[in-house]
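Shared between the two complexes below is subunit A, which pairs with subunit B and subunit C, respectively.
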Partner chain A sequence: MITFLIRRILWVIPVILLVSICTFMLMHAIPGGPFDAEKALPQAIIDNLNAKYHLDDPLWKQYLDYMWGFVRFDLGPSIAYRARSVNDILSDQWPVTALLGSVSFAIAIIGGVALGTISAFRQNTIIDYSSMFISMLGLSIPNMALGPLLLWIFALNLRWFPPATWGTPAHVVLPAITLGTAFMASFARITRASILQVIREDYIQTARAKGVRESLVLLKHCLRNALIPVVTIAGPSFAAIMTGSMIVERIFAIPGIGKYYVTSVGNRDYPVVMAMTLIFALAVVVMNLLVDVSYGFLDPRIRYN
Partner chain B sequence: MKRALVLTFALTLVFGLMAVGQVKSLNWNLGTEPPSLDPNIATDTTSIQVIQALFLGLTDFDDNTMAVVPELATSWENSEDGLTWTFNLRDDVVWTRTGRKVTAHDVVYSVKRTLDPATGSSYAYVLWIIEGAQAFNNEEGGTAEGVGVRAVDDYTVEFTLIQPAGYFPSIAGLWVCRPLPRFIVDEYGDDWTKPENIATNGAYELGVWVHDSHLVLYKSPTFYNADNVNIDQVFCYMIEEASTAMLMYEAGALDSTAPPLEDMDRVKTDPVLSQELTMAPDLCTYYYGFNNEKEPFDDPLVRKAFASAIDRQSLIDFILKGGQSPAQTFTCPGIFGHVDGVAEGIGYPYDIEAAQGYLAEAGYPNGEGFPEVTLMHNTSEGHSKIAQFIAQSFMDTLNVTVNIVNQEWKVYLETCRTDCPQIYRMGWCADYPDANNWVNEVFHSASGSNYANYTSPDYDALVEQAARATDPAARLDLYRQAETLLCDVDAAIAPIYFYTIVNLTKPYVVRTFAPLGGEHWDQWDILPH
Partner chain C sequence: MLSSHVVSGGRNKTRKSRSLWKDGLRRLSRNGAAIIGGCIVFALVILAVGAGWIAPYHYTDGRVIDNYLHPNGEHLMGCDFMGRDLMSRLIYGTRVSLSAAVVGAFTSFFIGVSYGLISGFAGGKVDNAMMRFVDIMYGFPTLILIILLMVFFKSTFSNIEPGTFRGALSALDARMGGMFFIFVGIGITSWLGMARLVRGMTLSVREKEYIEATRAIGAPKLRILFRHVFPNVLGPAIVAQALAIPGFILYEAFLSFIGLGVNPPMPSWGMMLSEGYVAMRSHPHLVLFPAIAISLTLFAFNFLGDGVRDAFDPKQVG
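Coming up: the complex of A and B.
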């Protein structure tokens, strides 16, 4: 197990290197630079700004300088936002995204697994059909429609929740529901399918024949094994949720980091682009590792040596 | 009886305290995080709005007449030859946190810092009218000492220009010239605009700045005109999504917003919202330019044909819905040097027969043999709708094929600069209220914004002469001739419409609309509601 872990952790390095090189090259391949504007700058100013941000260095040197800073946790300045460094941006706004992400994920996983389990145990009844219908709705209605709809109903008309922005626990509810329902839907469907498969296994029949209580059959024998596919998709989903949903954050005017994924590309803000991409890559890699490790606990037949 | 008296007294006390303690707070939407609050560096309207409230300029603009009015400077005069301008400053303006007076030296410091190439200011070019400015800013051998601005004494600033410029007082009020607190900037460098470091001299102080979330401005007690500032606090949200801002306005969380296009029909027919709606002229022009060097648009007849095939009024009525005005000339109304093309018959109104006539005269009767045309715009829903409407109009009127292409903004700018498409979409907004900012700074043959590649020695001569002239009547005539060349005789571009501000404001906000710079929150009031 330990060697497995060490090998997987070491694999992070080439993955991050590959992602960073691809991102860097792509960013510099697209036309336009950070200082292009409608009112064209005089050449001397452009030259000065390029020198200030080392954009006139050869590309390999820019790349190495950036990665050297990255490993020392210095993510560089933001070119578009002159008074802030990338570290400032992340330390101010990632906690917001993380909080929203955690609550959304909790809603998604708890709600999804519960819904899927109920559906599986009441297969082909009205409960099953309605649960799956609701989850299908959650999957099909895009965030950009669901968000404003929830705002309109609950914030504008019923006045149960504040209309957008951030600051109190009440502000978290509507965006978390918006973000969580899409993932909840896929968790529900996978949980249902997986439980339906496990429930037909011989050892479940044995447990029932032995007289084990139904709730124990579910929780101890069934769920743990059924969760493997759920955990498989939960890992990358968690990474995606935690690094910010630009759409939800924009609709609810939440000061998270989600928007930087898109705006930094438009601004050609190279340090921010690199930081955002690498952090997302790291998050995915780490989550996948945790998922793989968890298999050993969920299914004793899986061993790593 | 005694209990009644006590109760009355208590209630009076409570309500009295509430009245006394009432804080007039304006809930405003900035629309996005301001990239910079440093006056020398800011380029965008969001940053400029906040800077307007925090920092005084030598001059300001009257919201109704757009005339230049005194602000930090009480008066100014120019020399006989028009090359020297002297501004006399107030002596009762202080910097927050220190109580130090704002002096002419702060103005000189700011001007030189804007022009310093190391600062990387995008708007420094408006100061190139000052002697030695271009040489310093563009690293052509100039120095800070050589720049023609100096403090004659603590409260007098003198500017020396390279040529007479009647519009200079409006330049002197722009954000790039606003005095800065040297002692703060020198001490904190790039961090000087953080709320804990910054010192300001305007009607408001920066209290809180939570990035991407909100910033709060408090009325400055040391402001020289603080007694006349009614609004105590401006709470600035940063809501980027227009529909969310609209929802917050309707929920009462915002006091003013720009209604999204999709809501315009509903707003106009709603009994409450229609009363709160204002559509006022904005100082911007939307135009389609032609690449004058690319076939077949190198032929003026072709350009005239296309310019005549745009149904501006239908576009405004059915697509834009914002009460905009059709444009046949470039400089918009409200700017000195504006020429009313529609009234004076300059430019090309919508005329199907004339359009077809021009095209036939150019050698393409009924569009026969006319190559496919590329119409390009930067990616946006709004521009896309307009492009589809106009392209359809071209196809129906002239029987030509038009391909619409859109590109991401910076890619689009690069394309326009290096290989400008046959028809390209652009807009231009006023920095200061003079046509020099328009016909000269955009379409002079040497201008970096002249994507149309319009080169006319006559035109260049006209706009250069107008920049130097001092007699307003003479300047107006020169601008009329210039616009005639640009939009009529040469038809280098096809102006389409003049922008409007479309705004909803709560009835309890007593406000003005500032077409230039930022809103004057210090002149507003909030009624009890």
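Coming up: the complex of A and C.
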């Protein structure tokens, strides 16, 4: 277990290296620089600015400098937002995106597993059909369509929730539902399929045969094992939720990092793009790590080696 | 698992053997939801191909006086912020979404299947290195990679003098309203899952007795790969791709929504949604109709994909 953990944690390093190198090279391969403007600046000023941000160094040196800063949690200055460092920007905006993502993820996993379980235990009844139809609907309405629709119904017409910005718990509701619905639907479908498969396994028969109460069979023996495929897609889903917040933050005018990501790429704000990409990638990698570790708790047959 | 074998095995003895494809198509035709999905997809294909005849207006036609016009007898779904007929733009937008689905699917299918076949068939160190690369790439959030790629393409290949290779690509993309690089972007970023699937299947198929037999009679490696391994991998790969199609439609809509997709005035549902939601308070039709269009399309492809999976790969769950 310990060696597995260590190996798995060390695996983060090549992933982050590759992501950082790809992002760095792509960013610098894009023509244009951070100081392009409608009215061109004099060359001397551009030279000075490039020198100030070390953009006149060779690329490999810029990369190494950046990564050296990154491991010390010094993410450098933002080029577009002159007065602020990337650390400032992230400490303001990352908590917003993280909160939105976590609430959406919680909605998706709790709602999805509940819906899928009810569906599977009432297989081929009207409950099953309607909840699977709802799941299909949830899977098919993309967040860029669902967001405006929820906004129009619940914020503009019914006025139950604020239409935009951030701050109170009421602000979180609509964006989190928008972001979580599609994932809730896919969790529900996978939970249902997985339970229906596990319920035919021999050890369920055995449990029933030795007289375990039906409710206990379903919850303890069946559901626990059926959750493995759910956990498997939880990792990639978390990543997709985090990046999906780019759309939702735009629609609801939420000051998270997703909203600024595309703008920063457009501004060629190299340090901001690098930092945000690496943070997204780290979140993904850490989530996948947690997924791998949690297998062992769900299915005692899985051994790490 | 066991019970399903018994059920199908009992009847198989008395009936004539059918090919996998016929069997699958028969199962598919009995799946009501998949049939409905298929009909909607068929209707969408007709809309996309015949947009020029079906749409009442061209997607660029608009009068300033009609801007934000609400639905009426002349413009059934109203007009957008530039006075262009919304329904016509939705109909033309079908082209963009469906091409993203088809071309994106083919590109990523081609890359993923070749990569997986080579990796699985080569085995050993080559396989190990190729799969480590895939593992690492999995850590790269797809949407982020596609954003970086699109910005890269859009600024590298814009306004280049014709005559060079880059110029030709730039002209092609411009003629397709920016769709060409969307296809490339989708292809580059979404082959990883396919590669993993195909590689796993190749590993198991190449150990089978019939491959052993072809090797024993001295068939060349390439022949084994294309005539014997590839056809056996194809079925599940097609099923996986059918399930992935809604994702490709979403990628295009996502890119166009954040302004990195098609170039205006080419209509894309994602772009129409992003133009619509800012004016939604007083003109909800601008969001409502594109939202229905894209949701209905995804609904149809999801049902069809599910049906294809149930019909051709009954063992798979999810």
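Here, the second predicted complex is superposed on the first by the 299 of 305 C-alpha atoms of A that agree within 3 Å, B and C clash if a C-alpha of one lies under 4 Å from a C-alpha of the other, contacts with A are read in each partner's own complex, and residues count from 1 in each chain.
One rule holds for everything that comes next: a residue touches a chain if its C-beta (ideal position, glycine included) is under 8 Å from a C-beta of that chain, and two chains touch if they have at least 3 such contacts.
Being a predicted model, the structure only gives us computed values, none of them experimental.
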Overlay on subunit A: subunit C relative to subunit B, clash or fit: clash
Partner chain in contact with A:31 - subunit B first, subunit C second, else both or neither: both
First (subunit B), second (subunit C), both or neither touched by A:82: first
Partner chain(s) touched by A:41 [first = subunit B, second = subunit C, both, neither]: first
First, second, both or neither for A:266, with subunit B first and subunit C second: both
First, second, both or neither for A:280, with subunit B first and subunit C second: second
Subunit B versus subunit C as contact partner of A:136, first or second or both or neither: second
Subunit B versus subunit C as contact partner of A:251, first or second or both or neither: both
Subunit B versus subunit C as contact partner of A:15, first or second or both or neither: second
Touched partner set for A:149, first subunit B, second subunit C, both or neither: second
Candidates 57-65, 111-119, 129-137 or 237-245 of subunit C: the single one with C-alpha clashes against subunit B: 57-65
Residues of subunit A contacting subunit B in one complex and subunit C in the other: 30-32, 148, 151-152, 156, 250-251, 266
Sites on subunit A touched by subunit C in the complex: 14-16, 18-19, 22-23, 26-27, 29-32, 136-137, 139-142, 144-149, 151-152, 156, 189-190, 193-194, 196-197, 200, 229, 239-240, 242-244, 246-247, 250-251, 261-262, 265-266, 273, 277, 280-281, 284-285, 288
Footprint of subunit A on subunit C - complex, ascending: 1, 3, 136-145, 147-149, 151-152, 155-156, 246, 250, 253-254, 257-260, 270, 273-274, 276-277, 280-281, 284, 287-288, 290-291, 294-296, 298-299, 302-303, 317-318
Touch list for subunit A against partner subunit B, complex: 30-33, 35-45, 47-49, 52, 80-84, 88-89, 92-93, 148, 151-152, 155-156, 159, 162-166, 250-253, 255-256, 259, 266, 268
Subunit B residues touching subunit A - in the complex, by the definition given at the top: 33, 35-38, 41, 43, 117-118, 120-125, 137-140, 190-191, 193-194, 210-214, 237-241, 243-244, 247-248, 250-251, 253, 408-411, 413-415, 417, 426, 448-449
